[in-house]
Every structure is written in structure tokens, then in C-alpha cells.
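Below you will find the structure I want to go over with you.
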């Protein structure tokens, strides 16, 4: 059974705000998120725009220096339409190409959770025939950052934030460093669909119903958000330029495999060198985000670990 | 039937060199490439190290302003071992992590084209149990660059070069802008296996047998290397930082879809925004390389084109 | 006559904190700042480390959308020694050079405000003969950022922050956008001496006595910190990579000259193209900082403005 | 007495081309350079556009592994006008500002070597009153690059090239690594005036008369171009992003002070940390250029060296 949490207020920063819900390890919490403009499941404005966050959720027992495990048990759109911008953002193209981009406008998409397809509302024209598989994920999620900071939900950092990584979807387990008492978990900015790089500066933005549960790993400092799917481990780096986000993600994976899988620096290097995968989450936000991934298959092969 | 081309000399730059072979449109050419250190199929040194190139191949009728289509009909290792470095390169990790990297050494891998698996030569230790699927590709390929330049095979640019993109594999069709009479195609630097990003500064480096054919598209200037697989179109950008390589690749795809698939700027933006994929080829060479990809499936859906 | 403000507490973020002092336009305020480790004029720890801030100072009448003018009337060290690290930071050198850097340690310098020279405390060795001119400045200063954020004093942004720009010295007038009621001005992180780029990750860090006054320019939004010396106008950009900080600073100067000096885009371009100067403030902090400068002399020449 | 060298042909790449002049150590050579579009002292086109180079000059006795010293004895415009573009280049401003830039056009400037002032040809308008001090320098100069490469004169690297650094002016001594027999020195792309960053993509472009002499330092490998003025030492880094150019320049200075001035890593760090200066040469070319400088005054103070 899940605890129900109906948000009464939303925050446009991720920070050491007054907790809006309290939860224990092992309990599930069922809540909802607004879209990036603050529109709810009825399309009504319920908060100011700019990625308003549901939360913070206070996880009892979480202390600075711990690692917070977050299970995204269910991440599902709660309305039948989303919106996106309709033009490439100026910073995803060459400076010389910028002047060829007409001004961006907001457009609406149909999002059908029956067929799990997103489509263009008008049938004429090229887009009228386009069907996009829906892969709902949370664009912005994370814990209160270090030093008591409150940081805009436009950006991201070691604490998570607006990463716009399509991997934060139902069934994924993710890990965050804890910097504040209770960890103070925030979530929002749901996307029904989004390509790599978030080229429009938005995905198909949508409000969501989300069910989560938490676990605390005591005294287990990590440096960047991590996660695990059925098939992969991943680490996320957030920074500009993309090179630096890449370096953060790679360095974190380099540490993870040595610490938890007992590989040497050489073994880790050889494995990552031949098998690392990367996914560019966004090249739009103030900090860009990239995920370094490794197939768990290889770790089953080479480590004395049993299959999950 | 293929023309046989046994290279007599190799070049460590891609440039307007004396052609080593001549070919007409539609003919196939069968040749071989040395590995990155200049070692051939017997492991003997046959050229100076640093990505020695097979070629240039002069394609009759190719003129500046044309587009050269290159079919990689077959890209297959011609020996049973490869080598790689054994430590992450300093520029793929955080500056603070660099001092934790022991000095890199060259190590050997078994490459078995029967099982299509690469493996570690010693059975003890974690790596002894590792099996990596072989995906042989050409790390360095391209045409003579503009202005009569001759550019080191360590780097890359609009003309192709040392992109280390694992997508240049058997069955792929790629496209290059033509800057010199005869296009002057170069190839080499075969890799049996390589993860994204080329984190060790090498893949599993190996000598290859390669069969290619060419087609000329007259008066069809493109800005960056492009390609096509069974499932995807791709464009490659080469630059530092990675952001700029990303911008080049995205801008090229933006142009391609508008020109050849008759989409508007808005339609192209909406499609790429929701469906673009990126693959980071290398974050090691003087110019980094990244591919922007789109599934052909979406173009079948929305354009008046028949399935290949 | 100046208002005296003895700070009772310090903040390690710049944010919408409870004001510690209130001031009207035209009044001067005399206060003191701790050094970057929180050490005061007696070398005692008076706050936690990491650029503790004096303030916020509430400027009566300042509202979001205004521009805050800050006169740095006097910025003077209040003790006779400072400290710095003693080794180049890993991110200011090539990745390949990082492993040649011994671990950094904290060292002390003599700072003599009589001779206005900083020197090494031991007379033997090469450094024993070094005399460095003291140019005291505030490394970290700015207003409460937008959205109610509270941002670590390690970094910087549109609101100012840890820019480590040696131009924030006695006699300089600087301008900040106002995002919060009262502007909420913060200051600290004094440096007695620092080269361009802040290569050690510190200057010669020292506690300070500072006298300031403020003026409010109503309804006059600016995008980035600006300033004015006897000879130059300057705009500061804060971002990574340095290219982007440079773009911010240049774009802000481009706007300033058009808006306030009534130059066209062409006139501004031609002037900046032939006469712009840049100073790299730091290449160390999470956001790098660079100043774009133009000599006022040229504006006297070409605009219908009277000299100072 | 100087050797006269009237160029008969020009190269648009820097490479291992046929020498156009031969010179011994200690001799002076007097020659001329075309402007960036290939226009000579009469404004006639004498070569194709794109920084045509005078040279290569073969310096007898220079071998790979040596260091070439180049004295720029005299760098003087040989006509009374220059040209520049008239609009900021797209990559020097924010992506969001690009669309505010009208298309760039070529404009002419008066260059008067009597008064040493550049001015706008029309007296009306703001620019009619502008007087800019002429500081003539060579935008593009360097030696044949390694590996027998021939590299476009639009870009730069370890061998020099299109650095657009205003410090390459009369009286300066500069140093280049030698990669080819005879060093093969190239020069051209004179600028009468240019601000930092080369914001227009050009300075005031002009043809020049240049007198040079050379000296060879045997077996003295350096990594990047270096130089010396009356007051400063400087090292230049060429790369994108600017961060990396900065890292190259800083690393080269770090090596230089340790090798030639016998400072320890700590002494070098402390000196550079408090006294380094940087000049951003260009943020326009395919590789950006930045100079790291240190006042010779400090080296006189702390090293056992006599004043030049």
C-alpha cells in the first residue's frame, strides 16, 4: 500500500525547503507532478512556471554522507496531451546556423497511454503520419544540494536536478548522495517523449502520477547520481561543456566499478574502454547532462556476483 | 568481381597524395589496412606508426563539389589478435582523477572471427572470463581535405579522418564531400571492438581486409560526413569541445532532412527533438567526434518515400 | 560619515537571507570581511570555511528590475599576512601535465600595506627576493540571485558571486541586476594579490575592511555584472567553458554600448573589434569569469558625452 | 644589410612546401606580405584569398628537434588603407544574441603611418571622430608542422599559424619548435590594428613590409610558440575551447620557467599564481589562441639572471 501525497505547494528551486511529506524506508509514496509550466492533470495552472517541484519528501533516517536509493516504481502521464517547443534551440546548432531558425512556438501533442504513442493533433502534413513511442520519464529529480543551497530547477549538479535524462523512467532504481537531514527529495518536469539532447529545450511536457519508494545506504558517499536498469548501470555527469559532464560521468563509473565490483583500475579501464556506452541527455540546460552506461551482462561475466 | 589493391606505401596524413589505386564508379576494390602502429596481418611493421593509411584511391570522375558515396561492403580483421592501451586516457576523466591513473601500457587481446568474440589472453583474473562481441570497423577514413591540405591521421574534420566511430562497419554506406580531383579516399586504423568515447585512446587495434565500392553524386555539396545503415541515417561532427562536434552533427542532419526529405524547419525540429539519437565516437583525438542519428522508420512514416 | 556594520553572522551562500544591515541610497557603510577560510583580522576562525559572506545588506528602495550601483570606496586588508595554495590547480594545465603537479599545500605571505608589497616570509631561496605589488580586491560579491535561490559562494552567475576578478578594487563602481527586494548585497573573499586566471585556486587570501555606498537605477534591467574604472568600462561573464563566459561578457558590452552610448550595431562592432580588451579573472571556480573591457577614451571621442 | 626576398608565389597552407628563400643564421631578410584576401601594396590581387603566406623561408642548419628563434625586426604596413568586417562574428556572442547581428560586410579604414593612427574614411557619424593607434602585427606565422602536414592558414597549432595575436609586432623575438629540415618559416596576414579576441573575424587587414632574422637553438625541443618582448615572456596555446588553449599556454610557461630559470614547481606555481597575465588573441579561428605572459621584472628579481 502506498502513502498518498497531494502536493499543496511547489518549489521552483531544489533546496532545504520545508518538507511536504515524510516517509520511511520501504514505504511507497504515490504523488503527482505538474508539467514544466506548472500545468496539472486538467491543464490548469497550479504553480508558477519553470519546472515546479513536488516535494521535498523527507526520508526518515537519511543523513549527510548516506546514499539515497530511489525506486521509480511507476512514472505515468495523467493527461492525454503534452506540449513542446517547435524549433531547435540556438545552442544545439552551429553559430552560423542560428539565423536560419524561425522563432520557437509552443505546440501541443496527443499522448495516448492506451497505444503508448504520441502523435501530432492534425492529420494533414508530414507530421500527421508520425507516431512516437511514449517513454515517460522525470526530467528533474534530486535531493537538497550541499551547503543549504537552493538551486533553480532549470539546472543540475551533483545533487541531481534538471537532467532531462530519458532513463529516469518506470522501473529504474537511482542513487543520490545525501547532503541534508532527510535527504529532501524533489521531483517533477515529466516528459512523455524526448530525443537525446533535448534539442527543442523541451520534451513532450506532461503532468504525471508517480509512485516511489526509498532506501538508505548508511555512510556511503557517492559523487554523482547513479542508477540501475534491468540491463545497465549508469552514472550521470552534469556540467558545461559536454566534455566535462562526460568526464564526471566516466570518473564516477570508474570509482563505482572499483569500489563495488572489486575491479582494479586496469580491469575497469579495459572494460569501459571496450564496452562503455554514453547517452547525451540534454545540451540545453545551464548544465548539460550525459550518462555513462555499462551492460550488467559484462559484470555478471567477470565478477563473482549473482544475477539480480 | 573486385579489383585487388595491394598497398605498396602508406601515408600518415590524409591529403592530396599521389593516388595508389584508380577505380570507376560501380567497381569493387579489395584491399587491406595496417593497424594504428603500422603492423600488418602477420604482426610485422609495414609502415611508421600513427594510423598509416591505405590509399589514396582515385575515384574516376569525382570532382570538387560532388558527394562521394562509399559502400563498406566488407570490413573484416585479417589476424587473430589486436592490441589496446590498458588505462583510461587523462582527458576522459576529471582533472582531479588524473593522478589516480597508473601509466598506460599496451596489452594484447585474442580476436576470434569464428565465434566473433574478443577475449583476454590469460584465463585467470576477472578479465579472463570476459567475452566481448567483435564489431569490426574502420577508425580512420576520408577524402583529401580542402585547399590541398595534408592533415595528420590523428585528427579529423569535414573530410572525415580519425573519427573512431564504431558505425563505420560492414554494410554501411557513407558519404563525404569531395574537395580534390578523384576524391582521393584513404582508409585504415581498424578496430575489432571499441566502446563509445574511445576511453583508452585506442580500440582493439587490428589489421583488416576491406572491400569497398564508390558512387559519385554530381554537384551535391555536403558539409560533414554522413551515412546510412539498415535502420538509421547519421551525420558526424568533428571538433572540440564535444559541444561543437554535437552542433556540427545536428546542423548537418537539420540540413539533410530539409533538403532530401522535403521537411520544413519546424517538421525537422519536431522530429529531431523527439527522436534524435547521438553516439559519442571519441573524446580522445585532437578533434572529438559525435554522430547524430535518426531512425529511418520515422522518415518512412512521414515522408513520401518507399522503404529501401 | 559612514554607518558601521559589524557582522554577527556570515553566509556560505548568496541568497535571499535575512538582511544583516540596512542602508539608504547615498549613505556609506563601513564593514569587514573574513578571508576565504573564515579567518578574521586576528587570524581567528569566525565562520565556517568556503568564502563566508558579509551581508546581506538591504538597500532600501531596490526592487526587482532595478540596477544596483555599488561604489567600492575603500577595499583594504586589515591584517599583515595572507595565504595561498602553492601549486597550480589541475584544471589550469593540460591533462597530460596534471601528474607532474605535487600536492598543493597552504602557504603564508607577508602583506605590508605601508610599502604596498607582498613578499615571501623566508629570505632564502628564489622567492625570498620576490616583491609583489598589493592590489586588494573582493573575490566574491553580488546580490541575491533570481527565483529565491541560495547559491554556494564557490561559484558565480548573473548575480555576481565568486568571480575572483582583480578589478573589484578601491575606487571601482560596479553594477548588478536586482532580483530581490532590497537587492541583498553580499561581499567577502578578499585577495591582496592575484594573477589572471587564479591559477592556484586562490589569490593571497586576506581579511579586509571595506567601505561601500549604493545607488539605485530604477527599472533598468541588465543581464550581467558591469563596472567602471577611471579608464574603462567592463562587463563580466561567468560560465564554463571560458568561451561561454567570453560570449556573455561580449554580448553584455554589445548591449551596453548600444543602449547607453547610442551606437548602432555596426559602430559597436567596429569599435569592439578594434579596441576590446579581455581579462581572464579565474579558470578555477565552477563558473569561470572573464571581463570584456573598453577604454572610455574611445567613447569620449566618438559619443556626445562629457568626460567623467 | 638585408637579403631582399620578392615572393613569386604564395601558399594558403603552412607546410613542407618548396622553399622560396634561403637564409643563414644571423642574416636579415626583407620581404613583403599580402593581406588576408591576397591584395598587395597597390591593392591588387596577387594570390588567392585566405591568408596567403610569404615563404617558406629555409633556415640553413635548422633540424627537427631544434628551436627556431625569429626576430621580428620590422613589421610595417606598406599601404595607406586596410579593411575589416563590420559586424561581430556569430561565435563571439551568446547563441541568443546571434539573431541580432546584421550580415557582415567589408569596410575600409584609413591607416596613416605618419601619425600612427587608423581612422574611419567618412567624417560624419560617431565613427568619424574615432582615432585608433596603429599597432601593426603579423596575424599568421609559423614553421612547417610535424609529419609533413600542410595545414590551412585559417587555423593554428603547435607550429604557429593563424594565431592573430597582436603581440607579433616589431621588436618581438619569438620561438618555434622545428619539425622539418630548414624549419620552413611562413608569414603573412598583417593587421594594422586589432582588439583582443578578433571579434570581427578580422583586424584591419593590410599588406606589410617585414624584416626578420633567425637563430637556431640546437636540440632544444619546445611544445608551443614562445616569445619575448622588452617587458614580458609569453607562451601561446592554440585550441578549442579557449580553456584548452589556456591550459596549453600555462603548461608551456610552467615548463619554460622550470627549465630555463631553474625554478621549482612550487616556485613557478607561486609566481604564476600571483603574477600571470593572459591575452586572448582570437576567439574566431578554428583554433582559438591565448597568450600566457609573465613580467621579466619578476624573473630579474628572483633568478640569478642579468637584465637583457
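Miscellaneous remarks
Lettered A, B, C and D in written order, each chain numbered from 1.
Here is the rule we use: contacts are C-beta pairs under 8 Å (C-beta built on N, C-alpha and C of every residue); 3 or more make two chains touch, one makes a residue touch a chain.
This is a predicted model, so every value here is computed, not measured.
Between subunit B and subunit C, the least number of touch steps comes to 1. Of all chains, the one whose CA centroid is most distant from that of subunit A is D. The centroid of the Cα atoms in subunit A and the matching centroid in subunit D are 47 Å apart.
A straight line joining the Cα centres of subunit B and subunit D is 35 Å long. Subunit C and subunit D have Cα centroids lying 32 Å from one another. Counting partners per residue, subunit D has 91, 95-96, 101, 240-241, 244 as the residues that reach two or more other chains. Contacts from subunit A toward subunit C in the complex involve residues 12-13, 15, 50, 145-152, 239-241, 244. Only residues 89-91, 95-96, 98-99, 101, 241 of subunit B touch subunit C when the two sit together in their complex. Of all the residues in subunit A, the ones that touch subunit B in their complex are 84-88, 91-97, 100-102, 107, 118, 120, 125-127, 129-132, 193-200, 202-204, 240-244, 246-248, 250-251, 254, 263-280, 283, 288, 290, 298, 301-303.
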